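In what follows, subunit A forms one complex with subunit B and a second complex with subunit C.
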Partner chain A sequence: MDIKSWYTRIKAVVWLTFKEQSNWTKLPFYITYIFINPIFEVAIFSYVYIAVAYISNILDPLNAFYMITGVGLFNFIGSGLYGIIWTIHSEREHFRTLKYTYLGFPNLHIYLTSRGLYHYILGLITSTTMIILGLTLTGNLYLIDRVELIPIFTLLLIGVVWSSQLGVMVAGSSIYSSEYGPLISEAFGGILFLLGAVLYPIEVLPPVIQPLAYIFPTIEWLDLMRYYLSSQYHVTNVDMLWTLLLVKTLAYVGIVYIYFRIMEYFVRRRGMLEVTLHH
Partner chain B sequence: MIKIVRILRPAFARAYVRIFGGFREKSWLFWEVILPTIFMSSIIFAYENLNAPKVFIGFVVLGTIMMNFWYNVLWGMGSVLYWEKETGNLEVYLLTGSPLPSLLLGMALGGMFNTSVRSIAMILIGVYVFQAEFIPAYLPYAIAIFLLTLFSLYSMGMAFASLHLIYGRKGIRLNEVMGEPISFLSGQYYPINVFPTVIQSIASLMPITIGLDGIRRALILGEGLDTLWIHISILSIMALILFPLGIYIMNRIVEKGRRDGRLILRWI
Partner chain C sequence: MDYAIETLHLTREFHTDEGVFKALEDINLKVREGIIFGLLGPNGAGKTTLIRILSTLLLPTSGEAYVDGFDVVKEANKVRKIINLVSGGERPGYGILTTEENLMYYAQIYGLSRREAKERIEEVNRLIGLDEFLHKRLNTLSTGMIQKYALARGLLNKPKILFLDEPTLGLDVENARIIRRLVRRLVDEGLIKTILLTSHYMAEVEELCDYIAIINKGRIIAEGTVEELKNMVSREVIYNIDVKAIETPKLEFLKSIDSVVGYTVRMSNISGEARIRIVMSYEDISRILDTLERNRIKILRIHQDRISLEDVFLKLVGRGLADD
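On to the complex of A and B.
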């Protein structure tokens, strides 16, 4: 494998993503733009907590910590995930460049993963801002008392691996259907948010749908991240969480590789690469 | 009379296309109800986890529905002229000689109808799945406030649509940053009296905030005209200002676009 060539290609795709995202305005406006939604999103969830505290006089700092870190960290995962998923839709429907990408880049799977990298970099910055802002708004910043950088960065890397592969899987489905691509993308993000222990522990969910939550690595990933951020957040078995996370991540890498190859094969056979909503 | 017919006929024609387009693929209807419901469910479970009072379920259901209308204004009306331009339909519309505001009125009517159908389905899910409690006796007040809110919102949509003609891709980005901030300020998931006074004052400048607060007061807290007259008055004033303003902005921008030859210029 020619690592230098791949590095050049991936770097070019990250640069392309940056230009595509930002070339509609000047850099200061773009920077403001990327912070607006995450800041207001965390403000919304901070006020979900504050509203209950205000109306019911119930203060529960650990729940606030759970929710704010969940939303902030989900933003990191979601940024990359959506960045990958929407590449198919925007290149096929808006820019009409998907066919050229397919011809120009040696591997669509790696291309999509690379398109996500830029969003992960942005996500890291915005997520950090969200967590600090959200915990400050709810008065619980003191709960971040244990920032263990090595496990956190390891977890971030693992998060990039599993979530990017989930993104590629959804993009693989999207490539197959212009009608349902955007719906699949939205639904997937929503389901991950609902089942992923983002705002609440999965025990809050109805028992019927709880088993579905274990399909995704989100639970273990978020639990470990929270654990390495605060000494007051307890988990039952750290080693078990690491093991489950690694096993699930490896499983996703393998399954998504096969799934994407199958979808790509069918898309080519049926000539669906260029089929837009206007067909 | 002829002038009104000239405005209404293309409006109904455009609304017809939009309504039938929205039901063309039946499974879309299912997804368009389910998608916001998934997110709504997450918030309801979050409130359950926080042991919030039961009224919050109703707050979330109504907030999600009203935000659906806001998103329809942004994406179903605001950015539509941009996409019509990109796909080459805008020049066809302009050639027909129909006034552009009537085209937008048609989009608004079609969008309102489609979003209303989806909203009814969401209310049923809220009531039967999550046991949200509403007081049906106060429905007439809620409907009056709801219609006034929609009138103001879609008048704003007319102004947004014309801005999209000028700003193109920048307009799309503007749409993207008008989701979360409006959701936050309108009190989509909570009553706005939890905000500091300054934020409450800013939030009250938006019709969706006043409308949502009024509908909640009527349907959840069972308040009558003695308190809701304030909401109705404010929304009426907003409607009286925003509708002519929307028409004015639209006409000015179309006129400017014609003069500068940029009206059907793509990729800006």
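On to the complex of A and C.
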């Protein structure tokens, strides 16, 4: 494997994603734009917490920490995930370059993963902003008292691996359907947010759907992230969480590799690389 | 003998609401290295489907296809490394990027370093002439410019085999001529070893291609050099008859004349005239003129013409390439 060539390819894809995202305006406006949405999102959740705490007279700083870190960290995962999934739609419908990408880039699976990288970089900056801002608004910034950089950095990398593979899996499904591709993408983001222990522990979900939540590594990933950010956030078994997270991540890598190969075969079988809706 | 492209009983079916549609049926092609191979056929004949299969974008329903000896189904990655595709009427790039940025991007995803990519872009620029729009965004280019860019993009990875799918589609006469000249140069100067070109423009195929296959309704109906194909109608007589504008269906009666092998009609919106080109199995012009007059069709001019590829198609299919 020629590492230099792959580095060039991936760098070019990250650059393309930046151009695609930012081409519509000047750089200062674009920077403003990328911060506005996350800032307002975390502000809304912060004031929802404050309002509920005020009405119910229950002020639990850890609840705020749980919610704010959940929303912030999900923003990191979601940014990359959406970036990858949306690539199929934008390349096939909008730019109509998917077939040329397929012919030029040696591996569509790696191409899609690379398309997420820019979003992860951006997501990291906006997520950090969201967590700091949200905890400041709710008066709980003091809870971030641990910040163990090595495990956090490792978790971020693992997060990129499993969420990008989830993105590739959904992209593999959406590539098979030009008509329902965007619907699949949007729906998946919602499901992950609902089942991912983002705003609340999954125990509050109806028992019937709780097992579904364990399919995704979101629970372990978010729990460990929170644990390494605050000494006041307790988890029952750190080693078990790491084991589960690694096993699930590896499983996703393997399953998605096979799944994508199968989908690629069916896509070539049906000639879906070039199919557009002409809308 | 190893061929640049070889297909064996290649068939492709599509399942539609109306049933099974055979886009390609039992295609057996052998394309030698170092030539421009032309695939000539009307719209919907199966030309693009064949290119899609050979360029690994689509799988065949049955049969086999090899590009430079690599199986397009089982060794698709190896095929993609040595080919490139240029399609007419498309914009193979990102409208938000300039021509140069697009070329740089594609060169890099082919694995070229930034320095190598720059050199390669300069090479293709010297060959094709992109200076005028190198720094313009792709979404601001004219059709002719886009097609030049598309050709340049198709050369970035120095493909051994280049697929050109209707490369002059939608271009004006001058731009089509420029593209044709470039295509010829690619093979003559050894920049590309083999080109498979599809077209429904007779003159284009006749001018560019060393060997031609005529495809109709998913089947190869004839193949050979231009001369070999023309020899297929060497015994026939060809007449052009200019008449006052008519509706094509009104000429159905011509089919009942024994000597008529096929005919095609070209309308001229400017002069209000129509040209009927008739291929006859034997000299029988007086009978045809009588029949036209009896049907109150005013004849303006008449002259015998030389054989063209269109006449081969007329003889084989019974209608012109442009007739739907």
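In the analysis below, the second predicted complex is superposed on the first by the 278 of 279 C-alpha atoms of A that agree within 3 Å, B and C clash if a C-alpha of one lies under 4 Å from a C-alpha of the other, contacts with A are read in each partner's own complex, and residues count from 1 in each chain.
One rule holds for everything that comes next: contacts are C-beta pairs under 8 Å (C-beta built on N, C-alpha and C of every residue); 3 or more make two chains touch, one makes a residue touch a chain.
The model shown is predicted, which means the values in this text are computed figures rather than measured ones.
Visitor: Output check: A:Thr243 vs subunit B and subunit C. Expected answer is one of first, second, both, neither. What do you get?
Guide: In the superposition, A:Thr243 contacts neither subunit B nor subunit C.
Visitor: Please work out whether A:Gln210 is in contact with subunit B alone, subunit C alone, both, or neither, and reply first, second, both or neither.
Guide: Touch partners of A:Gln210: none, neither subunit B nor subunit C.
Visitor: Based on the superposed arrangement, let me know which partner A:Arg269 touches: subunit B (first), subunit C (second), both, or neither?
Guide: A:Arg269 sits against subunit C, while subunit B stays out of touch.
Visitor: Applying the touch criterion given at the start, work out whether A:Leu199 contacts subunit B, subunit C, both or neither, answering first, second, both or neither.
Guide: A:Leu199 sits against subunit B, while subunit C stays out of touch.
Visitor: State whether A:Ser231 touches subunit B only (first), subunit C only (second), both chains, or neither.
Guide: A:Ser231 contacts neither subunit B nor subunit C.
Visitor: Over in the complex, which subunit A residues touch subunit C? Could you list them?
Guide: 2, 4-6, 8-9, 11-13, 15-16, 19-20, 23, 95-97, 99-106, 111, 265, 268-269, 271, 273-274
Visitor: Could you pull out which subunit A residues touch subunit B in their complex?
Guide: Touch list, subunit A to subunit B: 24-25, 33, 36-37, 40-41, 43-45, 47-52, 54-56, 58, 60, 63, 67, 179-180, 183, 186-187, 190-191, 193-194, 198-201, 204-205, 278.
Visitor: So in the complex, which bits of subunit C are touching subunit A?
Guide: Residues of subunit C touching subunit A: 52, 55-59, 76-77, 80-81, 83-85, 90-97, 101, 104-106, 108-114, 153, 157.
Visitor: Going by the contact rule at the top, pick out the subunit B residues touching subunit A in the complex.
Guide: Touching subunit A from subunit B are residues 25, 27-28, 31, 34-35, 38-39, 41-43, 45-53, 56, 87, 169-170, 173, 176-177, 179-181, 183-184, 188-191, 194-195.
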